[in-house]
Amino acid sequence: MTKSVRNFQLIDNKSIKKDFYVLELSSGQPLPEILPGQFVQVRVDDSKETFLRRPFSVHDVDYTRNSLKLLIQIAGKGTSSLSEKKPGDLLSLVGPLGNSFSLPENDDRTLLVGGGCGVAPLLYLAKYLKSHKREFDILMGFRNRDRIIEHEEYRALSNVYLTTEDGSEGEIGFVTQHSLLRKEKYSRIYCCGPDAMMKAVGKFANENQIHCEVSLENLMGCGFGVCLCCIVKTVDGNVCSCTEGPVFNIKRLIW
Amino acid sequence: MTKSVRNFQLIDNKSIKKDFYVLELSSGQPLPEILPGQFVQVRVDDSKETFLRRPFSVHDVDYTRNSLKLLIQIAGKGTSSLSEKKPGDLLSLVGPLGNSFSLPENDDRTLLVGGGCGVAPLLYLAKYLKSHKREFDILMGFRNRDRIIEHEEYRALSNVYLTTEDGSEGEIGFVTQHSLLRKEKYSRIYCCGPDAMMKAVGKFANENQIHCEVSLENLMGCGFGVCLCCIVKTVDGNVCSCTEGPVFNIKRLIW
Amino acid sequence: MVNLEVNIGKTTFKNPVLTASGTFGNGSEFDDFFDVSRLGGILLKGTTLEPREGNPYPRMAETPSGMLNSVGLQNKGIDYFEKNIYPKVSLYKTNVIVNINGNYIEEYVELASRVNKLDNIAGIELNISCPNVKMGGMAFGTNAASAREVTKAVRAAYNKTLIVKLSPNVTSIVDFARIAEEEGADSISLINTLLGMAVDIRTLRPSLSTITGGLSGPAVKPIALRMVWQAAKAVRIPVIGIGGIMNSDDAIEFIAAGASAVQVGTASFIDPMASVRILEGIEEYLTTKGFNDIKDLIGYINRK
Amino acid sequence: MVNLEVNIGKTTFKNPVLTASGTFGNGSEFDDFFDVSRLGGILLKGTTLEPREGNPYPRMAETPSGMLNSVGLQNKGIDYFEKNIYPKVSLYKTNVIVNINGNYIEEYVELASRVNKLDNIAGIELNISCPNVKMGGMAFGTNAASAREVTKAVRAAYNKTLIVKLSPNVTSIVDFARIAEEEGADSISLINTLLGMAVDIRTLRPSLSTITGGLSGPAVKPIALRMVWQAAKAVRIPVIGIGGIMNSDDAIEFIAAGASAVQVGTASFIDPMASVRILEGIEEYLTTKGFNDIKDLIGYINRK
């Protein structure tokens, strides 16, 4: 997990849905160990308007090919520019950064909850859990059928449950309204998605005394703990989301 | 000659020699009339370090295809970035800008003198003179054989004489030392090249009472006469090189 | 239809987009690109009593997201202005404002009286902030007593709209904003350029003949915006925001921070149509956001 | 081999590349990236007497070629520093300098006396220029009398190398440079951040919780360079250049303009190896240009 600054070569850029791209990047050298929930800071070289790097969760890792994947949703200048990258282009990455999701106990009933672009770190987490022989379910929420991303990838790893706000696929409503949560007794939830989703899931977990970890997306200046810009209010005071997070046990957060 | 801001599409980018590129750009709409010696201001979009546009002489024009050519020598950040442009890329140009070389009288004995990247405006000038049925010779100076650019294109238009500093092709020395200048009695010289060359040619022209026009390459902020940054010291005081130039009669310049 | 009209001093501007002095020539340089009369107003290149040659070449250097200039108020003087420029700019159907500069207070006053006689000039922008001249200029704009004196004197000599253009090279912009207001200025405009410098490491010489010059462009926007916000809270006269405005988003930031109008400067060098594109962008933004009147956006961030 | 050594106060720096306070953590954050001991020195995150939580989120905004921050000196206080940070940084084979901050002069003095007892700390950087705290900070650095008083008091309490870090948010940087020199500072470092602001036009709210914040990065380089040049001409103590230094070319500009050393700040966020790359680049430049000693480059542009 030694951090480094490295050039990666883009080997594939797939548009998986309007505004969503999966970039596969490969390094000439072996990758360090990367844990699920960690992120990288990507430099956007060819945009006049981006000065700082942009943080993205590691979406998937292939150690045999020295490659990793990022799932990128267009949000502004930097992400647009990245979405236009072509195979062969070089991208400078700093990483791996941040902490990671914890490994569940063997007897934990685990649920992964994701929404929108927040599904990014969950794919690698799911693979990681699977390789560590942990069982888990996956619950994903989207605005509507057209916004659903990558659930096939997840189905290959475990049971996938869906909600859409308009009911166009899966159950209608938000993830916290899914019948699964009333049927199953989970002891551990990992969540990444829009703030509102994470708060709702956190509230549900709290009420039901479920261990819950969320992955936050704070604005970041550096990504490795020196600018103190990415702080999160916790019971221990302001802490850096890039070093003590991005994954936080909700018990620690003051929301 | 109405000036405008327009997107051109790159249709060809040919590396003609180390550090020299010919970019061919085409516009969806008909081109305005462009005179030889005029230039365009090119925006370099994908470089963090270029803020201002970069000026380049019009190297050639093809009204039937609505296209023009630029001859670009890598000098720094902007020119490097432009040299990497690929067919299909869009470039924003402001132009046509500046004045132009004058049309010689019918009985003028005209010589075009160029060196290094300074040959850029001379190709279009030569074609223009030819289409106006003026006769002229061309004298080009380079550091050595490897630096010679495009003399074949010029040979198709008229006699081309060469000098190289090391004598590896043509006569040895600087353009002003070429035997041609002792043999022929020119009444008009157009020159574009490094400062030292233009000054030497200007001196020669002055001494021999030859009408001489040079094309200057001052730093430019805007290119159309509003920033007053591109000034040249003349007998009439400081004037803008982008509007009253880039072509100046050497009699006007205070060198 | 959104109402874009703003009033500054005795002048009504049909929209809040003006051009910054020294970056828009005398307007006619833009005639090929768009109809200059569409703008709320244009500010002409800085004018002095006598013609000036300005500083020697090189006068410009590119910097990260900006540029340095040390033009030094090159212009042909007020006589030439009256004879040759005034008749032309009088034809524009927009407010024309003259940016005046002097070495001494007397020069400012004489210029103001001369401009006072020109019917088609809507106002004066009193430039006490040019960093590129040895005398006058920024010396007035960074010294409270001189700023007061020159404003008072010019106010006495001029009865149309008087805008004082402030220098950002000061510890407290608020002090200068207040002085301008107290001495009867109708408006303040800010910022002029920040004093900067560049070195050419190939030659190991300064990039500008004058060593230091004025920094403009997006690099200065955060500083300009902060000063506009501070000044707008400190005075009741309208504030005109300037500094690194490249697009309508930038202009909206200034207006939301308290500017009643904006001036587009360096942006016009890179895109000669920047000012009119900014105008269009503001209108679109207001429509999308459901504002009926630009006035509702002015100083929006200060409301609770 | 080029001699890169420079002397500042009582301290010898093996090379002129230092890191800027608040952008280099406590050094250890960079251990994975390169050997921190290669640098001439490191300046630690601003320390106060008591622990501080800093300002609320959001504390950062990206700007053209720069960024705004309003961290507000979040740190764990001097007790924690002595116990937990000091032992670690003592292991670096380079000069470690502590950046001290207070609300009152007494706090600065107490901090200085505490640091005075720490053998492995080469010097203090007296920060009178933080724009992001309500009390102290920039208030000291923009008022001549306070700047004098605090420098004098800290000087009396501290006998190793004392560097005073100046605020650029002043009319005359030269005045503050002279004050620091007169009161016995061994060196001045400049610039701290420029006060700036940004507005989020989607929400029409300021981008920072504190509304204004400190601007850093290449955007400020021309201003920083100008101030360093002015200050270096005005004082005899060595000047440390800071502001937008992203690569060795930038560093060389500062040195040629009069800086005896440089601090690399925001650049480290974008390239954690920026400082050591700058060091390598300076060495290469000197070799290529035929300089045997960095001292020959310091203030080069001022020579004829």
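So that you can tell them apart, the chains are marked A, B, C and D in the order they are listed, and the count of residues begins at 1 in each.
Going forward, a residue touches a chain if its C-beta (ideal position, glycine included) is under 8 Å from a C-beta of that chain, and two chains touch if they have at least 3 such contacts.
For clarity, every value in this text was computed on a predicted model and none was experimentally measured.
Chemist: If you walk touching chains, what's the least steps from chain B to chain D?
Modeler: 2
Chemist: If you take the mean of the Cα atoms for each chain, which one ends up farthest from chain B?
Modeler: The chain farthest from chain B, judged by C-alpha centres, is A.
Chemist: How far is the middle of chain A from the middle of chain D, if each middle is the mean of its Cα atoms, in Å?
Modeler: Each chain reduced to its C-alpha mean, chain A and chain D end up 36 Å apart.
Chemist: Report the inter-centroid distance (CA atoms only) between chain A and chain B in whole Å.
Modeler: 54
Chemist: For chain A versus chain C, what separation do you get between their C-alpha means, in angstrom?
Modeler: Distance between chain centres, rounded to whole Å: 47 Å.
Chemist: With chain centres taken as the means of their Cα atoms, state the distance from chain C to chain D in Å.
Modeler: 34
Chemist: Would you give the residues of chain D that are in contact with at least 2 other chains, written as numbers and ranges?
Modeler: 63-66, 217-218 - these are the residues of chain D that touch more than one other chain.
Chemist: Residues touching two or more other chains, restricted to chain A: which are they?
Modeler: 48, 51
Chemist: Chain contact graph: line, ring, star, complete or other?
Modeler: Graph shape, chains as nodes and touching pairs as edges: a ring.
Chemist: What's the complete list of touching chain pairs for this entry?
Modeler: Result for touching pairs of chains: A-B, A-D, B-C, C-D.
Chemist: What residues of chain A sit close enough to touch chain B in their complex?
Modeler: 45-48, 51
Chemist: Quick one: which bits of chain D touch chain A in the complex? Just the residue numbers, please.
Modeler: Against chain A, the touching part of chain D is residues 22-25, 29-30, 32-33, 45, 53-54, 56-67, 69, 71, 74, 217-218, 268-273.
Chemist: Touching chain C in the complex: which residues of chain B?
Modeler: Touching chain C: residues 2-5, 43, 48-53, 94, 218-233, 237-238 of chain B.
Chemist: Which residues of chain C touch chain D in their complex?
Modeler: Residue list for chain C touching chain D: 63-66, 68, 142, 169-171, 194-199, 201, 204-206, 211-212, 215, 217-223, 225-226, 229, 244, 249, 252-253, 256-257, 285, 300-301.
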